[in-house]
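Below are two complexes that have subunit A in common, paired first with subunit B and then with subunit C.
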Partner chain A sequence: MDKEQILTVPGRYDQIQVICKFVSAGALEAGLNKDDVFHVELCCDEATTNIIEHAYGAEDLGPITVTYEISEEAFTVTLQDDGRPFVPDDVPEPKLPKIGSTSQGEALDDILNSLQIGGLGIHFMRQLMDEVYFSFNGARGNTLVLVKNLNPEDQE
Partner chain B sequence: MTISCQQVTGEVWLISSQGRLDQSLNPQLEQSLTDLLDNGQNRLIVDLSQSNYINSGGLRCLVTAWRQAREQGGDLVLCGLNNRMEEIFSLIGFDRVFTIHSTYEHARRHYYP
Partner chain C sequence: MSNSQLSISVESMKRVELITIAGRIDSSNASELDDALKQAMNDGKYNLVLNFKGVNYMSSAGLRALVAALRECKKHRGDVVISEPSQRVAEVLDLAGLTGAEDPLFKVYDDDVSAVGNF
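Coming up: the complex of A and B.
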């Protein structure tokens, strides 16, 4: 049977660790290995930071609701806020250093720019999670869904 | 959870983080690095061996300080990354931006071969 837990906190930086602990406990219970738990935690940290910085634009402007669900196939985290619509396609993919590049000059400026607009957090989510969905509707605000598949060998 | 700074050899400063490099500790890291660089101390070693977590904000602090140190003719090198930290750095190509040494002793030799 699926299990679901819900946590609502004010949109403040000091709540990020509360969210991370909540989600990590669920990820461990779901049977994810320690590396995967860390990946989930990092992605929730980045997602929460983006909500405060970009959807709300500052601290204490609205709540963040975090839900996790454990099913046989996956560990799914959903983050919701009441902030401005967040369109991930508007955030360019960070231009990260290529193998063999010297990472100087213009390429480095691109990295710094992407770090400042939250592009790196989205990059982490897309790299470290199996599925990432963004959606927005007027009634519920932004919804971000992060999915980590449960591999049978992880559940021992 | 803290950031400590000490002058180790000649003009070289060691910055050690202890704890998670997240929103609660990153401002302290940023302040420590900025204070050193504003005083012209630009030969820096950042020891991450007591941290097993870093988010994009922490990475932003490090790369900003790295660039400032290089602009001043100095450098910022890293040491003591555990496997988890190495994974994050390589995921975004930062293992090719920074000079990363396994231990503090190796990092010190970067400045005093």
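Coming up: the complex of A and C.
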């Protein structure tokens, strides 16, 4: 049977660690290895930071609700806020440095720009999680779903 | 900031500032790292070795401080290099594309002696 846990915290940076501990405990219980637990933690941290910085625009402007669900197939984390739409499809992929393509100064400016708009956090989520879904609903704010498959070797 | 889990110590050497960081870096305390790096640069120190052995967790908030410092130091013909990154820090730097390439933005050294010797 699926197991679900819910945590609601104020949208503040000092709550990142509270969220990380909550999802890590779930990820461990789901049987993820230490590296995957770290990846889940990092992605939830980046998601929380983006909610505070971009959906709310500052600290203490609304709650963040984190839910995790353990099923046979996957560990799924959902983060919800009541803030402004944050549509990552509008956030360009970070321009990561390519050898010889730009000067180091230009590469640094590109990365700094991407860091300002939350692009690197989204890049981490897309690299480290198996599935990432964003949606916005006027009544409920933003919903972000992060999925880590539990038996990737069984899946084609 | 009352219960930050970050400790930062700075050792001034002949040509280099050796900055040793320990703890967990996320958006709640990355400004402390940013402030420490800015203070070194305000003092005219643009050759920075950052030891990350004791950092067991770092998000992109920490990277923001590192990249901003590297940008500023390069403008002054200095550099920021990484020494002894923990496995977690090394992974985050690689994921962001800041290390690992043939000509990486941040050079990484196995120990402080070789990191300092780079300058």
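Assume the second predicted complex is superposed on the first by the 146 of 156 C-alpha atoms of A that agree within 3 Å, B and C clash if a C-alpha of one lies under 4 Å from a C-alpha of the other, contacts with A are read in each partner's own complex, and residues count from 1 in each chain.
Heads up, the rule we're going with is that a residue touches a chain if its C-beta (ideal position, glycine included) is under 8 Å from a C-beta of that chain, and two chains touch if they have at least 3 such contacts.
Computed from a predicted model, the values in this text were never measured in an experiment.
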Subunit B versus subunit C as contact partner of A:42, first or second or both or neither: both
Contacts of A:120 with subunit B and subunit C, given as first, second, both or neither: both
Residues of subunit A contacting subunit B in one complex and subunit C in the other: 13-14, 16-17, 38, 41-42, 45-46, 49, 94, 96-97, 99, 108, 111-112, 115-116, 120-121, 123-124, 127-128
Interface residues, subunit A side, partner subunit B - complex: 13-14, 16-17, 35, 38, 41-42, 45-46, 49, 94, 96-99, 101, 103, 108, 111-112, 115-116, 118, 120-121, 123-124, 127-128
Subunit C residues within the subunit A interface of the complex: 24, 26-28, 57, 59-61, 63-64, 67-68, 70-71, 74-75, 88, 91-92, 95-98, 101-105
Footprint of subunit C on subunit A - complex, ascending: 13-14, 16-17, 20, 38, 41-42, 45-46, 48-49, 52-53, 94, 96-97, 99-100, 104-105, 107-109, 111-112, 115-116, 120-121, 123-124, 127-128
Contacting residues of subunit B [partner subunit A, same complex]: 20, 22-24, 53, 55-57, 59-60, 63-64, 67, 84, 87-88, 91-94, 96-97
